[in-house]
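Each of the next two complexes has chain A plus one more chain, namely chain B in the first and chain C in the second.
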Partner chain A sequence: MYIEEYLDVFISGLTNGSVYALMAVGLTLVYGVSRAFNFAYGSFYSLGGYFAWVLMVYLGLSGGYLMVLLMAVPFLIGFGYVTEKVIVAPLRKRSDWEVKVMMITLGLALFLDNGYQVLFGPRMKSLPPIMTGAVELGPIYIANQDIMIFVLAISGILAFRWLLNNTRIGMAVRAVAQNPIGAKIVGIPKNRIFAATFGISTVMVGLGGILLAQKYFISPMGGWDILVKSWVITAFGGMGSIRGGLLAAFILGMLEAYVGYVFGMTWVLFALFGVLLATLAIRPQGLMGKWG
Partner chain B sequence: MDWKRMSGTMALIYGVMALMPLFVGGTDHLMHILIMCLIWAVVASCWDLIMGFAGIFSFGQVAFFVIGAYASAILALTFGIHPLAAMVLAGVVAAAIGVLVALPCLRLKGAYIALVTFAVHMILEPFLKSDMGRAIGTGGSRGILTIPPMELFGITFGAGDKVAVFYAALVLAVVCSVIIMLVIRSFWGTAFLALKDSAGFAASLGVSAFKYKLAVFALTSFLTGLAGGFYGHYIGMLSTRMLGIDLFVMLMIMLVLGGIGQFPGAILGAIVTVTFNEALAPLGTYRPMVLGALVVVLVLALPDGIIGLLRNLVPGRGAAEPAVAESTAANAGGQG
Partner chain C sequence: MLTIADVNAYYDQFHVLHDVSCEVHEGEVVVMLGPNGHGKSTLLKAVCGLLDRVDGTITYKGQDITGWSTEQLVNQGVIYIAENRELFGDMTVMENLKLGAYAKNARKKEKRNLARVFELFPRLAARKKQLAATMSGGEARMLAIARGLMSNADFLCIDEPSLGLQPNLRTEVFNIIKEIHRQGKSMLLVEQNIPQIADLADRVYVLEEGCITFQGSAEEAAADDRLKEIFLGM
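Our next item is the complex of A and B:
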């Protein structure tokens, strides 16, 4: 393998890693704030992809990706918010709600995935590239598409960071994550915060779907792979730790790219899983996670 | 639920099941449904034991079932072992893999365990289809097509004689259920209850969470693998289709319907779900969608399953009795 090929693989790992980071942060946000585990996360990924496909390919909407993003963000926030309110929130009263949440979201995932199959058929769909052409850097080419995906994913994470650190709703989210009872005492509407975080995480994974569907495909069952990967990244980085999630996403994105290139794509899941198990055996809380 | 009512309910369910062949013994299709009810009753009960009683969020139950089925088929086909012995060995294989998974898992907490066990489920399909899987005889993506049926006392327990298979499955289900019931009523069950209600206090009294959880993981993997082996020899062919998410969700419906931690409930849940799923067959491609919607509705509408519903409908009788799985509500309230 020549050095150029290594660099190609490196760029691919970096691009995918940035999108994985966006999605893993969304997953860890919900778990960190409300301890709810969302099994339908992968189906929300497909939701984003299909939403963009309907707008751009099926309806042929002009305005490109800017228009799609402007419409997708409110749609996904609303979808996540309502989902939390309707199916997750009523379960919180019960003592065994954690496992009930896993079950109900798994049911939702089956419903959505087969809904996509009925609506869009089993054939794979793909989105047009956000940008064509490439940048030439000496011996290597970097596709503009990859650069745009990377930039958008990182902007998504930075926007989220800004939201969490600099806005009132972000402060409320952090307060609820740190101490739910204390937050309630000072008058933060806890349940609305739970629903809001669910909505925000839906946007993050849905955006991931829109970004990755240009390079790969959207298919009715395609979200499961994403769910497992986001999950592995989240657990590897430490559940509830956003910084750990970012680090883990890039490490595992690279690992995936190299294992996929050297040994073939079938080995990727085994490799990810092996690394995760080894890490958890030494550090059960993940790279940067805390128990609790 | 006390000992008497638990065994009474079980005897009633299995007693009624035992009589069914008298009425529908001639109809192969109905007998097949009854057999599947019994096989899934075993798997669902095991899941209930591990999740509802031991409080381990294991999402690998279907994986252990498939591991058992493949192991038994491979042992019988490649090594020519008698199917009955192969079934037991398959249970041992499933239990061994279960312990391997459990060792890192049990140091983890709730959602992490769900993740790792579900990941076992997710990587099982690529493994069985890979060259590695083909090397040990899984048949790759084609699956295994010629699994020999079990033969015992001159009776062939294959698809040809469904009544015989049914009674064999009944024996399997009854034995497994009794084992599960004994575990729940034994020192183990009490230990789990103690660990759930107050983990710190139980540990300080010398109850080792790790030891009991590992043991229950091994036991449920063994029984699930056994049921998987039985299924393989009955159906005669296996493929990775079983690892699809719809079967997993169906198993979950059984548990939700039966009630988590309401033991004989899972058996009832399995019977109702398998029957109901057959009734949904005319829906064709819409069936998985309906199943998914059903889970959402059932989890919201039937928080304690059928058993809980019955308990609420009959006022006065045991209405105040808490489910075994009630953990400290105050804790959960603080989080949620």
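Our next item is the complex of A and C:
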């Protein structure tokens, strides 16, 4: 293997890692704020991909990815918000609601995935590249598509960070995560915050779907792989730690790229779980986790 | 201003308050005394919408507020200041204060209230960027009170403001509460310390085993031999 190939794989790992980071942060957000585990997270990834496919390929709308993003963000926020209000929130008052939320979101995932199969057929769909061409950087070429995916994923994470630190709703989200009773005392409507975080996380994973579908296709069951990877990243980085999730996403993105290149894609999940198990054996709380 | 009539309250399955009735008039500081675990905090929580089950009637400014959510009550000017403070530990003093003004009616007056709070608590003004979790007990208590004031409330329910503080800090906290009172706020305050409240309270109630067993002025309470025995062991 030549050095150029290593660099190519490195770029691929960096690109995928950035999108994984965006998605893992969304999963950590919901769990950190409301302790709800969303089994339909992967299906929301596919939702983003199919939404973009319908607009760009099926309807053939012009306007490119800018139009797709402008329409997808409100659609995904609304979808996540309503989903939380309709199926998750009513369970919260019951005993063992955490388990019931897992069950109902699992049901939702199966419903959505089968819905995709009925609506779009089992065949894989792909999205046109956001940008063609490549940048020549000495011995290697970097596809403009990869650069754009990386830039958009990182922008998504930065936008999320800005939202969390500088807006009233972002501060309320952090308040509920840190001290639910304190949040209640100052008059923060907890239920609306739960729904809002669900909406925000749906945008993050849906955006991931739109970005990665350009390289890896969309299929009705394609979200499960993403759910597993997001979950592995979250556990590896540490539950509730956004910084840990970011670090884990890039480490695992790289690992995936190199293992896939050297040993073949079939070994990727094996390697991811191997690293996860080894890490958790030594550090049960993950890289930067707050909870054991 | 606040009238509590025949309130029964439950904590999980435990029946904690039995037909409790009391009231706080406009501009008054009313202190609820009583031994630990006899329902004082539960009464405050019942008022502030923090319990699942409350029977009876609570009226505030002539309005029946029984069963209202905390969010609605905060917006109407009733705020709870917790005994264990319930601050946002990983956030700065400033962020904690801003969150205190989360309620709709508080947002418009955020700037004015912030200036007032910093005037009242110069220590906090000097530590705007400190994380709440790294503050000392006394500072954290002050931040909890300051955060409560940010809600623009007229009525403060303060749960044991002196708990766990050294005597000098205790005096400081009580002086600040007196100043807040002078600025026109009404309060229902839960305490165990008689000597400190004597010159603060307009009226005193005693709550024992979930029932009101005494009511009167602060002087009457201080002169009552039985109360002395219970709270001071004299």
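Definition applied: the second predicted complex is superposed on the first by the 291 of 292 C-alpha atoms of A that agree within 3 Å, B and C clash if a C-alpha of one lies under 4 Å from a C-alpha of the other, contacts with A are read in each partner's own complex, and residues count from 1 in each chain.
One rule holds for everything that comes next: a residue touches a chain if its C-beta (ideal position, glycine included) is under 8 Å from a C-beta of that chain, and two chains touch if they have at least 3 such contacts.
Just so it is clear, the structure is predicted and the values come from calculations on it, not from any experiment.
By the document's definition of touching, of the two partners only chain B reaches A:Leu276; chain C does not. Taking chain A as the reference chain, the count of touched residues is higher for B when chain B and chain C are set side by side. In the superposition on chain A, A:Ile3 makes contact with neither chain B nor chain C.
Within the superposed three-chain model, A:Met171 lies in touch with chain C and out of touch with chain B [touch as defined at top].
Once the two complexes are laid over each other on the shared chain, residue contacts for A:Ile181 go to chain B and to chain C alike. By the touch criterion defined above, A:Leu66 lies against neither chain B nor chain C after alignment on the C-alpha atoms of chain A. Of the two partner chains, chain C is the only one that A:Pro189 touches; chain B does not reach it. In the superposition on chain A, the residues of chain A contacted by chain B and by chain C overlap at 181. Residues 168, 171-172, 174-175, 178-179, 181-189 of chain A are the ones that touch chain C when the two sit in their complex.
If you check the complex, the residues on chain C that touch chain A are 48, 50, 70-71, 73-75, 79-80, 82, 86-91, 95, 98-100, 102-103, 147, 151.
Listed in rising order, the residues of chain B touching chain A in the complex are 51, 57, 59, 104, 107-112, 114-116, 118-119, 122-123, 126-127, 130, 245-246, 248-249, 252, 255-256, 260-261, 285-286, 288-289, 291-296, 299-300, 303, 325-329, 331-332, 334-336.
Listed in rising order, the residues of chain A touching chain B in the complex are 31, 34-35, 37, 87, 90-100, 102-104, 106-115, 117-118, 180-181, 221, 224, 228, 231-232, 235, 239, 266, 269-270, 273, 276-277, 280-281, 284, 291.
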